[in-house]
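A single structure is presented below for examination.
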Amino acid sequence: MTSAEAAQAAQRGAVLVLPVGAVEQHGPALPLGTDTIRAEAVVDRLVDALDELVVVGPTVPVGVSPHHLAFPGTMTLRPATFAAVLTDYVDSLARHGWRRVLVVTGHGGNNATLGVVAQDVLRDHPEVELAWAPVTPLAPDALGAMNRAEVTGHCGEAETAQMLHLAPDLVRSDRLAAGTTVPGQLDPFARLSRGAAHPAVALPYDRLSASGVLGDPTSATAEDGRAVVDEVVRRLADFVREWSTT
Amino acid sequence: MTSAEAAQAAQRGAVLVLPVGAVEQHGPALPLGTDTIRAEAVVDRLVDALDELVVVGPTVPVGVSPHHLAFPGTMTLRPATFAAVLTDYVDSLARHGWRRVLVVTGHGGNNATLGVVAQDVLRDHPEVELAWAPVTPLAPDALGAMNRAEVTGHCGEAETAQMLHLAPDLVRSDRLAAGTTVPGQLDPFARLSRGAAHPAVALPYDRLSASGVLGDPTSATAEDGRAVVDEVVRRLADFVREWSTT
Amino acid sequence: MTSAEAAQAAQRGAVLVLPVGAVEQHGPALPLGTDTIRAEAVVDRLVDALDELVVVGPTVPVGVSPHHLAFPGTMTLRPATFAAVLTDYVDSLARHGWRRVLVVTGHGGNNATLGVVAQDVLRDHPEVELAWAPVTPLAPDALGAMNRAEVTGHCGEAETAQMLHLAPDLVRSDRLAAGTTVPGQLDPFARLSRGAAHPAVALPYDRLSASGVLGDPTSATAEDGRAVVDEVVRRLADFVREWSTT
Amino acid sequence: MTSAEAAQAAQRGAVLVLPVGAVEQHGPALPLGTDTIRAEAVVDRLVDALDELVVVGPTVPVGVSPHHLAFPGTMTLRPATFAAVLTDYVDSLARHGWRRVLVVTGHGGNNATLGVVAQDVLRDHPEVELAWAPVTPLAPDALGAMNRAEVTGHCGEAETAQMLHLAPDLVRSDRLAAGTTVPGQLDPFARLSRGAAHPAVALPYDRLSASGVLGDPTSATAEDGRAVVDEVVRRLADFVREWSTT
Amino acid sequence: MTSAEAAQAAQRGAVLVLPVGAVEQHGPALPLGTDTIRAEAVVDRLVDALDELVVVGPTVPVGVSPHHLAFPGTMTLRPATFAAVLTDYVDSLARHGWRRVLVVTGHGGNNATLGVVAQDVLRDHPEVELAWAPVTPLAPDALGAMNRAEVTGHCGEAETAQMLHLAPDLVRSDRLAAGTTVPGQLDPFARLSRGAAHPAVALPYDRLSASGVLGDPTSATAEDGRAVVDEVVRRLADFVREWSTT
Amino acid sequence: MTSAEAAQAAQRGAVLVLPVGAVEQHGPALPLGTDTIRAEAVVDRLVDALDELVVVGPTVPVGVSPHHLAFPGTMTLRPATFAAVLTDYVDSLARHGWRRVLVVTGHGGNNATLGVVAQDVLRDHPEVELAWAPVTPLAPDALGAMNRAEVTGHCGEAETAQMLHLAPDLVRSDRLAAGTTVPGQLDPFARLSRGAAHPAVALPYDRLSASGVLGDPTSATAEDGRAVVDEVVRRLADFVREWSTT
């Protein structure tokens, strides 16, 4: 996309979509960039579905991952840095007339900072509408149809399934192995943070799982992954289409 | 509490509980400090229930409320300031041996920043366990039993009920009036943010409701409020009791 | 106070009064929150005296107390955090038309940062007039009438007297004991900082007094405290009344 | 690359290579991401040349481009944000034992901030050796062999040639057109900044060229581009090989 | 002073003296750098008096002067910048073994920030003793002996007298003229801030005096100036001598 | 210069010149302030040459010198602090109508931060033209005529020659001694950073030279120094004259 094309896209009211992810441990079988890969793939498919309604902006490949720092390969931005990157992006975009920005995050650890960014944008750029969406939680139907362990999450069934669908070459299938799958394997304080209607807690991942894996990724299939991705893309596309008419 | 008593409490492993709230518009009938009042009241009852297991720390009375700034009386900290206050608190507490901190927030607008604070604490004070909890969402059972409008929330049935129970003198009952109660009254982008499994958005409250009220507070009763508060306190007390044994 | 009432108060030119204090060691007999308690009490009496001329804003309960960190229970904001809280307050207030803000600080350790805040407000909100006042130093007459040790100050005669008047239940009178009362008990560098027309120094309190007390609080009476508080309130009220006519 | 593989690479002393670029106007014919594309391509070829001596880290796709903000599509990080991203990267890498980091920047506007980052790393991570390199200036021989206008640079012969070699599909060859090619076309202050041994100045690009182009890209060939890229990669590879023996 | 000589001075426990001043309007007759000139002159004389007990560090020539910004020629650091300069100085000095630092400020507008710096140093460099002193207020005896207007201060009798003694060539004596000399000439809010035991306020200087002058400098003599400087130097020298024995 | 004179100078479009330097080790023979002394001396001569076209602003005497911190006497600002000082200066100057600012730095370690400052000024004060210049590199002809070692630089022939010309009393000529003069004396990584068209690196000076000296200052003469200074001043004067006509 050239400068002139960007000007036209902004003028026609396109939604600027920013994929954000993480570089962090993803167990023995998945690549460090799993979250970024999934976010970018979802955004690519969203573009296929929506064409000129959206434009893809630059990825933020490293996210907020202090809870994984005990594991090699993990890189993290401080939340303040991650927020500064996004607010600098919005500053630039607002200057050129963009009014709708959608952030798609492949990494749940970015959610809190994205919430903060949205509050700062609300104040400093009231003319910009910012929406942000995680990937996996946008597929409740597909998730419901999968077979998942009682404890599941990071590097688990859903994440592995998505990678088997989106980037099978990057999955070391022979190293897939169940991690923490039942509450009893968690340390006591970690157990406390499970269940509905309780206080939230932040925990380093080495207190959750020795291998960094929550759930049993060996049961994941590429088909499951396709179902998740399809549902996520469909929901995002519906959202953007409606947004574009407001 | 004197200096020596604080030393003893830290040493016996007590949980330090910090009430945080907001000073922001609460419609025509509720006081600006509604969220702080509810947080402090819940914490007071928690102390009654748990005695020496907890110690109450200083309140943060102003929270993150940029979305209410269009309404007079609203005060807000920038998210970075709110985070700095809490990390400074944790710095001080950690230095004196406190290892468990629970933040109780009466204001949902603080949630994102609390999530960020937790990530920073994880990195800079790995020896401290931080948990944080909203008030109203900790009472799913009591909420389920109440009669609430399709659109509800800020200054709505649940919040008003709590105030009728906790601080009836501060409620101008004659000014209670339904605000936005059905999606059709929201502006189109605001409508988009409703429902499950969709992107999150941040919106200024004047796009949600002309009076700043979501829901119909005229139906709220002090009894409902008591049920909400009781459930919140019970869940928090259970959490702290278990925590204290880890 | 509701949103609408706040709008009216701002419009009629009321002075917004902010009590700020500290959570820090106050020797064996006084509570950690002594400075906040005194600031809030003075402000309450000021409201009684001035009625609609003033409105009370949210307290900043924790102040700048790095010099007390050696003593358990002390919490401190970094000066930059304390300043950010107050400038965020002023930002919010200025937006809604407040033009006069008075900060009443129960803690001398906040003075320097308040001076800095005032300079930043001067630059960033020239439309706002900010005044700030300590508590005890506003009662020179009452202090002159009291019997005080040669070295006196934190937790000493004047502070204890105020607490005996304002919150006698929170004073452990049986633990009141003289702290450092003569210069010879100070460490040599601390001694240097005494007297008029000399350089200023900042010292950790454990170099000033083993118990954290300067002066002999055993001689303090509630009557003395009443005289101090009355004089402080009278001077503040005079100031606000005159201010309100400008 | 998985967590375990990252651990091995750090342990064997591999150089971590970070491509950084820009999203900014590149005239009517080149894409906004030209600098990032070239940096990533160079790094890819470096990996081909060096194999296990290097590992590629996450790209920083948006750089420091305030001088291009007058042109649509330009995004910029503030220098402080760009610096924070890189120091956060180094913080994470240092924690896991990386000792050599090479930043390859496709965008000259990042140079000053990279210099600052290096000074901060020197102080805060003396155990890490940081090197940083631009792309085009590392090919003095190939540049000398090209036919370039008297005024040349951004979007000019060398940059266009690289893109014709690396990503010909992204070059709108029919829109290539000469920009500012002789000093007389610059505004007077911009002219002042040319030549050796003079003060440096920073100028917005609209004072340098109406189209955002310096030089005449119509004369650029893919062959020239290959020569530039080959020389850059060769010099970087030599550097890394020597470094790896120290 | 060379690197080796600095090492020796630090080792023998010398006091590092930092002159700080301001660049701000000083009325029609005094130079913008008046405060810096006075601070440096006092420090020079202090060195003459104390020889090896002190070493002069680099001047901070621009201070905190937002209240003078309405007048041309005024430059100001934000308080946070001024504080950062001094804490960076102390960081460097502490690293090389300096344990005593004395800041001499010719500008009262720096006092609040110096107080904040001292609190930060107390926390981050407990091994360093920091003292700071204004110039004019260290000469109460000489001031008492001078003839000064009821309202006096900036560019007034005392400041002008010092300049007539220290740098007579820089004083445009023919332009000396009385500024604000009685309270009635102040604006009403400015008047409020006068007198003992009242709240402090910060005011822009154009509300205090049209010419930027407080007091009547026409009555100032070089002799008065000498008396002020001599007393200041004597008091500082006594302080440093005692300090050096602790 | 008084306030009124500053107003006139700004109005007539004078260039504001800011000397910046460093306080850092300069080997056994040169003073810590060598870079500041040279910058100020060059600026003084520039004023002599240009008269009313320029006005000298306040010096920044301490620069960015983390690479010299291993040597006693070195003081450094963090790059962010150094940048803040200069942007605060520009903020103040812009407010009073200054449109041209020239920074002359005697210390190469400031260059990167000056580049960053220029980018921030470009964005925040587009009405101000900022130029910045090092000292020694502005004399390529004089340098070419000098006899210099293969490795040369800090405290070497050129710097010493300038000091012999500008401030001979401050040079301990008897302690002048060759430092690192050939690449073989550098540590291997330091060697890597030499030569054209290679990546840049930042290194602590103790890895470059045990005495902190690069080159052989014993061969320097005051005459060489005069030639360097004359050329620098001539080039700067030409630049300013041309600038003043734009």
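Per-chain residue numbering starts at 1, and chain names A, B, C, D, E and F are given in the order in which the chains are listed.
We adopt the following convention: a contact is a pair of C-beta atoms (placed from the backbone, for glycine too) under 8 Å apart; a residue touches a chain by one contact, two chains touch by 3 or more.
Note that the coordinates shown come from a computational prediction; the quantities given were computed from them, not determined experimentally.
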{"item": "Both-way neighbours, i.e. chains that touch chain F and touch chain A", "value": "D"}
{"item": "Lowest number of touching-chain links that must be crossed from chain D to chain E", "value": "2"}
{"item": "Farthest chain relative to chain A (centres taken as mean CA coordinates)", "value": "E"}
{"item": "Euclidean distance of C-alpha centroids - chain B vs chain F, Å", "value": "55"}
{"item": "Averaged-CA centre spacing for the pair chain F and chain D, given as whole angstrom", "value": "27"}
{"item": "Geometric centre distance via CA averages, chain E-chain B, whole Å", "value": "48"}
{"item": "For chain A, residues that touch 2 or more chains besides their own", "value": "69, 78, 80"}
{"item": "Arrangement of touching chains [line / ring / star / complete / other]", "value": "ring"}
{"item": "Successive chains around the closed ring, taking chain D as origin and chain F next", "value": "D, F, E, C, B, A"}
{"item": "Residues of chain C that touch chain E when the two form their complex", "value": "64, 66-67, 69, 78-80, 102, 109, 111-116, 118-123, 126, 129-133, 137-140, 187-189, 192-193, 196-204, 235-236, 239, 242-243, 245-246"}
{"item": "Residues of chain B touching chain C in the complex", "value": "1-7, 10, 23, 25-33, 36, 57-59, 61-62, 69, 71-78, 80-81, 84-85, 88-89, 92-93, 95-97, 172, 175, 212"}
